[in-house]
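Two complexes follow with subunit A in common, the first pairing it with subunit B and the second with subunit C.
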Partner chain A sequence: MPAVLRTRTIGWALLVLVLIFFPYFHTWWGFSWFLQHLESTTGINLTVFEMTSLAVWVVILTGLNLLTGYSGQISLGHGALVAVGAYIAAILLDRTATPVAVAVLAGGVGAGAVGFAIGFPSLRLTGPYLAIATLALIVSMPQLLKHDDLIDIARFTGGASGIDLPTAHAPGSVEGLMDDRQWLYYSTMLPAVIMTVLAWNITRSRIGRAFIALRDSEIGAQQMGVNIAFYKTLAFGLSALYAGVGGGLFVYTQDFASPESFSTFQSITFLVSIVIGGLASILGSVLAAAFFTFQTGVIAQLADYLPAVDRLRWAIYGATLIVVMILLPAGAAGLVQRLGRLRPSELLAVWQAGLRSPISALRAHPIFERLSGGRGDDGRGGGTGTGA
Partner chain B sequence: MKTSKSIMLRLLLVLVAAVAFLAFACNDDEDDGDGGPEPTAGDETPVAGGDLSDIPEDTTGVTDTEIKLGTHMPLTGIAGIYGNAIVPGMQAYIDFINDTEGGVNGRKITLLVEDDAFNPSQTNSVVRKLVEQDGVFAILSGLGTAPHSAVFEYLIENKIPDLFTATGATKFTEPVTRTAFGYNPNYIEEGQALGGYIAETYPDGKLGLLIQNDDFGRDGAAGVETGLEGSNVEIISTETYEAEQTDMTSQVQRLQNAGATVVAAYALPRQAGSLVAVARQQLEWDVPIIVSGVVADQLTIALMNNGVPGTSVGVVTAAYLKPLETLNDEGIEKHKEILAQYAPDATPSNITVYGQSVAELAVEVLKRAGQDLNRRSVIEAGESVRDFTCSVCLGAINLSATDHRPIQVFQLAEVRTVDGKEAFVPFGELISYESTED
Partner chain C sequence: MEEFLQQVVTGISIGSIYAIVALAIVLIYRSTAVVNFAQGEMAMFTTFISWSFLLRMDFWPALILTSLVAFALGGALEMIVMRPVEKASHLNSVVVTLGLLAIFNSVALWRYGPLPRPFEKPEVFTGSPLDVGTITISRLNIGILAIAFIIMVALFLLFNYTKLGLAMRATAQNPTASRLVGINTSRMLALGWALSATVGAIAGMLTAANQSLSIDMMLAILLFAFAGAVLGGLDSPGGAIVGGLAVGVIQALAGTYISSQVDIIAAFFVIVAVLMVRPTGLFGRRVMRRV
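Entry: the complex of A and B
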């Protein structure tokens, strides 16, 4: 079987094509029918703006995954770092004539510096203690943003009313080629792709290996010559850099930042999302961002079938989290990767088996055991193609 | 250490490269972009009193048989109680008009409701969906200062009528944007009136303030302070709380220890409830309590009573709509009827009354716009509203090209026992906001 025909390769090629052409062909006849159908049945509303938001969450969640998934440090208050980046960018855009790209990067660097600084006390805190400390960050964030007594922070941040920015416009040079929405999509998607590729490279470099060693065993890592203090703070700094850039892109796309934009619940949802998407995986971060972006629509849609389910959002998160932890320890990314390793014919077999009698057929199928990470899957891995 | 250093160096290089690349990639566009947004924001906000010619006569969302309106409301999350009462109030009245009058000028009104959970970024998504996918004619009663801020500029730029925003924030109506109308009176004005009442009723009082630590609390406190000017009332202590905190025991205790003889609160239902319950029940402190009109509803009364009927009696507030318990009032009776018929699941409350009042004003404006309904004519119609008193309003609504705030009068209301049940009952004269300013 030539490499071109592997599901994985086909998947990547499709993804790249979709990302590049999405803002144009989402209005094409067949595709727009598909999108409308998707929206009315699943609640997933694939518009250019939603895809732009998705790009923002990809950056932020990739950063969180570097910290939590790779280096094993749990942050419940990542929204605070996003807020730092967002406010730096918003203030620059609001009060000075800074170009958007510079403002976004300034947000990233500013948040990175804050993250690096937070990294130092985190050296002494591990596990739940670190989680609590980072939770304190996000809980105190709104108060700090609104503070106007000792230091007049609210003068810069606009206090509770936040900062309003004018909506982003497509520059004159691309007039006729794309409208404002399409421009916003490309100018957000491009940095998101760059940041994602960068993260992919980082995780496959010495830094990434050091993070993983650190996560699996601090003592072991130290024995191997990994500088624990350096890499722990580096993880925080890097992750905060991503959060900051994401925050900058967030205000650029939303043209608004207020303390309400960065709630404690949002930060917890970040963590829930990356666990569902897949820890220690770049693909996992992307899937996490998809979950984060589309879950409100999906849960609202669910309410059509199961009444009041949209009032149980947090219970659903919890249940999903438990199901994912049991069935898919590597998250949705693990599932996708397993499927990606199969050849298209095998994938079809899984699909057909699933269609015939969804649960029993899947259960009986050896691939199910493989997918669910059941024991002994390694030994049987080779023969699954004929199993259907 | 050598490894760490070289990694740092590499990271720095990557970063510099990224900065250079991005700056280069985006620089030429941002130059135009920068020149673009700022002046346009000024240009596109027509000078008050000028003509409306730059608002297109756009009929998106209007057909011969239908007018499609959209709203963003919190239906889930902490602010869900508001959306879940305002929506039935509005929807029931709209259904009532569609049924009994065949809609407005032969067009039935459809209201599309989107839940934003009071989260500004969600508001951005749902409002774009309403405008770009559902093609609504106008946004009606978008709720919340922060959520609505997120879409305010977007609506202005796309010249979508932004009608009767459910917030008291002045930033949406001052300076006047021709396409945007506010609704709630702002907290500074309300605070002034409450301050005036305190100065008059407790001339030598020592006032303790309990305020939420945000614009709502601060605006209210500033208003009260202005209202007290020229009187002997002294603000003896100001206690604040954060929105997530609901137990006010320590704040109330500090107010009592400071020697307050009258307490005013800019607090939300739970905190206002806790204030009254703690003062009356725990501390047995019979201090006069004045609260913001934001909490003038049954829910807060129940929270104030905290299981002991009568606890809330005597609490004073400012109301700008008829409280649900107004006795023998035609408008209120009709509201209960409409709600029972068209939204039987909803419990009538002051919030459903609010919903109906907004819907009534919207219907009035659509009627005034006439057969030739478009985005320009609806703004013109809105600005032409004079002396319109909705069935549940206390006073008349006046709008003009320079005044986009509908509510201008209110009345003080006090918790009294009506038919064995506590309720806010209006008393005294109607007070005009304008007149309290000087």
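Entry: the complex of A and C
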């Protein structure tokens, strides 16, 4: 079996093609029919704009996964770091004539610095204590942004009403080639892809291995010569850099930043998303972003199918979380990875078996045993070294 | 000075609710090493159940009945949804508790509707507020504090002076070793959840008596209760009380003396500051682990 024909390779090639041409061919006849069908049946609304937001969440969640998935430090307040990046970028774009790329980078660097500073206290805190300390950040964030009593922060942040930016336009040089939305798509997707590839490389470098060693056993890592203090703060700084860049891109695409844009609920959902997507896996972060972007649409669609239980929507959401955690402890990425290792013919066999009689046939199928073979591991599953 | 004392008393009354919820959080953490985000919503849900009991009986029998229901509910939840994710990473358990949060909130909305309901106070607590010098304290708040204290003492005795408590602590710290010495760890975990749900149910009924019964009543409280539990140390029942009260007092004092805009910031600032000095909270013990 030549490498070209592996499901994994084919999958990647398809993904790259789709990402490059998406803003153009989503209007093509067959494809637009598929997208409309998808929207009306599942509530997943694959528009250019939604894909642009997806790119923003990919950046943020990849950063969070570096911190929580790889180096094992829980951040419940990642939205606060996103907010720092978003506000820096928004203030620069609003008050000065800074180019967008510079403003977004400045947001990233600013948030990275804050993250690095938070990293120092985190050296002493572990597990739930760290989680609550980071939660403190996001819970205080709205009050801090609106504050105008002791220090007039609201003068810079626009207080409760936030900062409203003019809509982003495509520059004149691409006139005729793409409209504003397509321009936004490319100018967000490009940094997102770069940062994802960068993260992929980091996790396979000395730094990534140090993070994993740190997560699995701090004392063990120390014995192996890993500088705990350095790598723990580095994980925070790096993750905050991602959050800041994501925040900058968020402001650029949404033209808007307000204290309500960064809620505690959102930060908790970040964490839920990466666990559902797959901890310690770059693929998991991407799937997490897809989950984060499309969950509201899917939940809204549920209400259409089951109008009688409209108020039970969130119960269905919660039940889904629980079922996913029980069936796929390594998250969606774990499943995709195991499927990706199969040859296309085997994949077809799984698919057909699944079609014949959904669950019982799948259970009886020997391939299912290979799929569920990883159930017993530590729950971070295939992620530890081989996450794609 | 008078105003200061009055604010401290106000803070203590807010904090006494945080303290009981913090106790429930500590209880579950100590016996299963999981931080339960559904704690508040479980309490809210059982309080709605107690509301139906209250239509037919007095406060105290309703409290006992609700506690029994909560005990069964907590144990059942552990056995049905927590057990399958026991062996996976702790974050998986956290996500499951967040899923439970969504379920309880949504089912309560569907079953009981969004409007707040008045909740009957027990007769002992209904009288006119007590005056101590120039400060007024409501009877209910004294009652809540007293109940928090009783629960704390009971938990302290359970964990430190009974074989059962020892087994529960052992299970949380090292499940494998506990199983090897003959502890039925599954039963201990279920018991931890059951007890925690019971304490939560009591907290829920007292919260409802203090404010009114609504599906959102525990959301903000849970957050500050977490803060209180962490401040006191997640494995210390006494710490939960001190932490919960401290969070309430800081909130009240900062709101009055610094600026009404900083009450939340101040509360969390103090927590982070305390954690910097004592990373496992005021009364928490550092767990030594052999590698």
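Quick notes on this structure:
Everything below uses one rule, namely that the second predicted complex is superposed on the first by the 358 of 388 C-alpha atoms of A that agree within 3 Å, B and C clash if a C-alpha of one lies under 4 Å from a C-alpha of the other, contacts with A are read in each partner's own complex, and residues count from 1 in each chain.
The rule is short, and it goes like this: a residue touches a chain if its C-beta (ideal position, glycine included) is under 8 Å from a C-beta of that chain, and two chains touch if they have at least 3 such contacts.
These figures come from a predicted structure and were not determined experimentally.
Look at A:R313: by the touch rule set out above, it reaches both subunit B and subunit C.
By the document's definition of touching, neither partner reaches A:D304: not subunit B, not subunit C.
In the superposition on chain A, contact is made by A:Q143 with both subunit B and subunit C. Contacts of A:S261 after superposition on the shared chain: subunit B is touched, whereas subunit C is not. Within the superposed three-chain model, A:D152 lies out of touch with both subunit B and subunit C [touch as defined at top]. Look at A:D216: by the touch rule set out above, it reaches neither subunit B nor subunit C. Contacts of A:I132 after superposition: subunit C is touched, whereas subunit B is not reached. By the touch criterion stated above, A:L105 is placed in contact with subunit B alone, subunit C being left untouched.
Shared contact residues of subunit A with subunit B and subunit C: 143, 146, 311, 313.
Residues of subunit A that touch subunit B in their complex: 45, 47, 49-50, 53, 97, 99-102, 104-105, 109, 142-143, 146, 159-162, 164-169, 171-174, 187, 190-191, 194, 198, 206-207, 225, 227, 230-231, 234, 238, 250, 254-256, 258-261, 263, 266, 296, 300, 310-311, 313.
By the touch rule above, subunit C contacts subunit A in their complex via residues 29, 35, 37, 81, 84-85, 87-92, 94-96, 98-103, 105-107, 109-110, 223, 226-227, 230, 234, 258-262, 264-265, 268-269, 271-272, 275-276, 279-281, 289, 291.
Per the touch definition, subunit A reaches subunit C in the complex via residues 68, 74, 121, 124-129, 131-133, 135-137, 139-140, 143-144, 146-150, 217, 219-220, 223, 264, 268, 271-272, 275-276, 279, 309, 311-322, 325-326, 329, 376, 378-380.
Of all residues in subunit B, those touching subunit A in their complex are 1, 3-4, 7, 11, 14-15, 18-19, 21-23, 25-34, 36-38, 40-41, 75-76, 80, 115, 117-122, 124-125, 128-129, 132-133, 145-147, 149-150, 152-154, 157, 169, 171, 213-216, 242.
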